[in-house]
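In the two assemblies presented below, chain A is common to both, partnered first by chain B and then by chain C.
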Partner chain A sequence: MSSFPMAAPEKAGIKYLKLSLLFVAAVVVLAGGFVFLKEYKDSKLLLILFAVVWGVGSTILLYTVLNAVAETFPRKVRTWVLPLVFAGPALVLLVWFLVLPTVRTLGLSFFDETSTKFVGLDNYFYAFTNPTMLESFGNNLLWLFFGTAGTVVLGLLIAVLADRSPWEAGFKALIFLPMAISFVGAGVIWKFIYAYKGEGIADIGLLNAVVVAFGGTSQAWLQLPIWNNFLLIVIMIWLQTGYAMVILSSAIKNIPEEHLEAARIDGASEFQIFFRIIIPSILGSIITVTTTIVIFSLKLFDIVRVMTGGNFGTNVVANQFYVEQFTFGSTGHASAIAIVLLVAIVPVLIYNLRQFAERKAFA
Partner chain B sequence: MSRSLTAGKKPPVLQKIIVTVILSAVALVWTVPTLGVLVTSFRDSKDIFSSGWWTVLPHQGWTKTGTFEADAALDLDQPITLEGTTAEFADWRAGVSVTPDRQLKWIGNKRTHTVEVSERRWVGFGVNLTWDNYANVLSAGEIKFKDGEGKELSRLGNNFADAVLNSLAVSIPATLIPILIAAFAAFAFAWMEFPGRKTLFVMVVALLVVPLQIALIPILQDFTNLDLNGTYLAMWLAHTGFGLPLAIYLLFNYISSLPRDILESAYIDGATPFITFVRLILPLSVPALASFAIFQFLWVWNDYLVALIFLGDRNRVVTSALAAMVGEKGQDWHLLTSGAFLSMILPLAVFFALQRFFVRGLMAGSIKG
Partner chain C sequence: MKKILFAVAAIATMTLFTTALAADPLADAFAGKLKGKTVTMSGPFTDNDAVKFNDSVKDFTAKTGITIEYEGSKEFEASISIRVDGGNAPDIVDFPQPGLLAGFVKKGKVLDLNKMLDVTKLKANYIQSWLDMGTMPGPDGKSIMAGLWARANVKGIVWYNKKEFDKAGYKVPTTWAELTKLQDQIKKDGDAPWAIGIESGAATGWSATDWTEQLMLRTTSLQNYDKWVAGTLKFNSPEVRKAIQTWSDIWFTNGNVYGGRKSIPTTSFGDAPKVMFETPPKAWLHDQGSFITSFFPNGLTPGVDYDFFNLPAINATYGAPLEVGGDIYAMFNDRPEVRAAMQYFGTAASLKSWVQAGGALAPQKDVDVSWYTNYVDQKLGTMLRDAKALRFDASDLMPGAVGAGSFWRGMTSYVSGSMTLDQAVKDIDASWPGAR
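After this line comes the complex of A and B, so read on.
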């Protein structure tokens, strides 16, 4: 373990020489790599290889240099400098990317679209009275309720049934699979299912083919108000049920065998066992899954953006945030909407903090 | 199965069948959408535009079996009788079923006297397999394909090859950098004494659920000032910042549960905290690191919002390239399906190879009492 400077046996002069060399090397690598990435245009493959090595290498180098510097300090100083080296970069990034932006967004939400004129609560007034926003809130409620309920109920059902099947792993893998697919990819998959070519043209969309086979007529489903919301919610259920299933399934497997046996000996039916033993035993996990999916449905953006762009009565709050900022350039409105989203999530945040406090992770 | 729940009132065999039937139905519904896209991506573009992908499966369909010449003496202004069925000329031109499984159709005008015969027959597995869709979607140059009528169309390719490379350049560092930074921080939170340790960790837990939208506008302003928009570096920074709360939380849970003796004996041997961390803690934490790595990789690879805002149209990643294609070429299903599948291959492979770690990460990420 002597390859790293340990501040003890070496002569001070050599130590500082090594340190300054390391420091110079770090600056050269960081700045040189940055300039190279900006200027280099010849081979994309080479560029990407370089980018990956440079990005990861710079991070490693950063910690090595910081640590080397910290270790030159006397012992007493080191004990408070070292934690700064270890946790510092993470804290800087957290403050830059999450803490400060929250405060800054709050500030922006009181100003007009150019962020120059103070407008008080006007943007919030807009957020709660604008017809598009009201429509978005309504749709988010649909997502929140039907999306969450669909995902959790289906996930629970599959978890319970799969527990009794000899092919449990196979079934679960198939239902879990969409978790690896992006929302954009899922959007294409389902857009193809809802595809509508026009009257009298052979259907290539599965939904229309099924509807016609049962005697109905083809529809442009995604343009059919109210129903299109549910067709989009189906995509979220398809994507997220695997998550609910996995968490709930592991909770079910943790129920002590004796509880179930005892109930059976007392003559309880499978339904009674389900409602009186399984559900209460895994309630904690059900709450966890539900809150995760509730947050997910509040922030939902990609599916709506790709499928309908928020048109035909399918707009949601997160999409309206995007439209306000990037289509209308109205920073004030967008910031207010972001704050509204944050406030909607605060109850979950408080619940998490309480749970964390109860765990006493810092005894 | 480690445990049998079949001691209910119903006979176990019947119950087993019901369970299997329900699960099979659900699994089928869950798989068919992806399967349809996979099959379509390998079909000829002309076929894609004229028939549903499920027609590659065995089904009953109308097939042309031949033609015959109608009697030249027929009076075409009167109802015409062919094979025992009588109908007007206009009907014959549209096609008339003489039996449920046999259809006759007059081809051309009244002078041709040619009748086409179609019969309903079983069509087996049939598909014109082609790699063209993939070649076309990857290409950046001009591409040609046939529409439903066999007419040749040309478009400018979407350069998906470039998007895949961009996705790799964004995803790999945006996975490794936050892991490294979070591991250092988690070690500090777990095993170092410093003022504000608890308060700062509570902040991390609070940040776990903060929606991304809250940060996008200010960070975009910063990146504009620093001239970072459209660069990989911007994406690495953004994904690192947004991914850190979960990374620190997960790794803290793991690293803080390592036995204290390991650290103490390392310190007694004269190892510095840095060396202890690199040579001891990191190797011991591989399971937790792997769990988060898969999590973060899937998240970054599949992300659309962050890429849309900080990359824009420069250096498009697969999700933004695919979304752009939906907007520009919403009906070109041969390109959309092959593009969608290209965007899914890597995450699916990672997911199936390392599913065990992923599930462990999911569990650890769920905050429970």
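After this line comes the complex of A and C, so read on.
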């Protein structure tokens, strides 16, 4: 009995020594790798390999060591230290890269373009009175309404129709394919579709080819007021319908077959089944998809940037924010616009997350 | 007592400086008196341009023993502000456009070359327009000579397919009336006179601003041009409206532009001139800076396959001033070797090897045009040397929100027809920082 209390501190001592050595080693690996990446310039391949191995390896190392350290604490302390150890690094990064910039942007939105002179709400006044901004808000509403409606309705329609087709997988793959294309890449593709060369010059644009084949005259599509907005919205619908279709399709497949059968036996028409059974059953999924697309269309930037640069009355808020900051160097205006955009998106975002949680998407 | 001593010392130093002024700092340097000294310089030249710059000062180092340490940065505009505001400015700074320099002059950070160099020599070696463009108001509102122009390029000139042009019997117009007649002739022959495209991705519209600037220079005075750049002459003024109206009269008239008005905002500025080189040419004239030759089809010989002329004068009073870009050098620290280097940059000799390598035009009068090794540079260099007046690209000098924003956008909307001229100029005026 008497030897046990003697041995324990000794054992614990070795354990602590080991731990602190491990801790020092981890710090050395982390810092050393960082210095190496900063200084090393010879072989790009080696650099990439090292970055991958070091990046993944040191993350594992960091968590292992921190976990080992946390394990040494008494149980009571451990229960609140352990979650901190695992969520902590992510939280720190989140605060550093998301929360702090947001707070800083909020602060900067009350200052002028040099970020030194306090101007109160002037930048917000600008954001809500400047004609370009008003045009952008209007266009964003178009995107919000028609972009979202188009994507969800088309996605739902395709999901329902494909559900009954023997070639379902093929159809869905085709519709889903554009999802793999970036917005900028899609912009380039559609630029060719809408291309206009000029009067008396042979056109290369697909849309003009179709119009001319049906006896019309070719148009400078991206310069047609109001219509050009819809032509741009079509691109987003083309890109995002696949996403809506996949989510809604899986929801439809989850509807118990008996419900549909019972309805059919009771003599319900297919339309009644669609509106009275399918839609209510998948309402949760529809809301989730809708809010996700709403967020997409509010912060939409790439398509407008690539296709028109915001010219011809197609500007959107996110593009104006970019231009204010990076072309005009007007940090105050840009920050105010960014905050306005954030405030517009946050409620949708919260609602969206709640829906996800209800559907146990994170469970 | 201390104050008096200080004052005496100050006066003594000033007298010393004034006596030093009498001598040409460059003469001392060439006499080898400043051997082993170093001048630090900073600017936006990197890569190939940095090599060309370093080559061009080798001769100076060989003759004087003064080393010029050049540090180029792609983030030049941001880094130079940090260095100057931190009191750590390089001796000489190369500004790719004078707007940024003007800010430092206003803060009193820049030395007045009038007090540093042999100004008589400088004044003899530049035409008045270059000197005007190097003069800027200091913190007390008094103007100083803030910098000297060391390198230039020419922005708007009219390019044409020389071989076909000669074959068709067209003559290079020397007056506006001749230009109008040429346009009519080309139209009568069944072609479009002009190839014009202003599409440039997110920067769509800048080519239209270059046209506006060239016509401002031809329809109103240099003073009005300067006021326009400074924001005191509104876009919605008869002068600016007239300049825009003049080019849009050409652009919007049926048959004047290949592809018609609607094609202008959708045709890329780089693609626009290509139709001049189809057989037979679809259009005959194209107005653009000298960089555009790199967008021409391969295998064309300048002077044989294509050539260029300056857009003719409209009004004899204003003539046809050139629209230019370029680099202005400013001095931040006063040491004899810095003065010597600056004085040297005021001579064309400082640019000789660069001129020979191609890619730079000398703004100085003492340039020997035989240094230019290619046809385009030589002709442009001669135009530049013989120019009576010139001005810097206005949109590059205006605040970013206008010069790289509403001016581009306004002109694009006007050309595409989504705005009238009246709406466009008012929109641009409203976007001027501080306007409400």
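Note that the second predicted complex is superposed on the first by the 264 of 363 C-alpha atoms of A that agree within 3 Å, B and C clash if a C-alpha of one lies under 4 Å from a C-alpha of the other, contacts with A are read in each partner's own complex, and residues count from 1 in each chain.
Convention: a residue touches a chain if its C-beta (ideal position, glycine included) is under 8 Å from a C-beta of that chain, and two chains touch if they have at least 3 such contacts.
In this text, all values refer to a predicted model and were calculated from it rather than measured experimentally.
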item	value
Touched partner set for A:I277, first chain B, second chain C, both or neither	neither
Chain B versus chain C as contact partner of A:I189, first or second or both or neither	first
Contacts of A:T288 with chain B and chain C, given as first, second, both or neither	first
Partner chain in contact with A:L61 - chain B first, chain C second, else both or neither	neither
Touched partner set for A:I204, first chain B, second chain C, both or neither	first
Which superposed partner A:R305 touches (first chain B, second chain C, both, neither)	both
First, second, both or neither for A:A87, with chain B first and chain C second	first
Touched chain A residues, chain B compared with chain C	B
Which superposed partner A:A220 touches (first chain B, second chain C, both, neither)	second
Partner chain in contact with A:G329 - chain B first, chain C second, else both or neither	second
Those residues of chain A which chain B touches in one complex and chain C touches in the other	195, 305-306
In the complex, chain A residues that touch chain B	1, 4, 6, 34, 37-38, 44-45, 47-48, 51-52, 55-56, 59-60, 63, 67, 71, 79-80, 82-87, 89-91, 93-94, 96-102, 104-105, 108, 154, 158, 161-168, 170-171, 173-185, 187-193, 195, 202-206, 209, 238, 241, 243, 246-247, 250, 253, 257, 260, 264, 269-270, 273, 284-285, 288-289, 292, 295, 298-299, 301-302, 305-306, 318, 321-322, 325-326, 331, 334-335, 337-339, 341-342, 345, 348-349, 352-353, 355-356, 358-359, 361-362
Residues of chain A defined as touching chain C within the complex	113, 131-132, 195-201, 220, 222-223, 225, 305-306, 308-313, 323-324, 327-330
In the complex with chain A, residue positions of chain C that touch it	201-205, 258-260, 262-263, 265-267, 399-401, 404-406, 409, 412-413, 416-418, 427, 430-431, 433
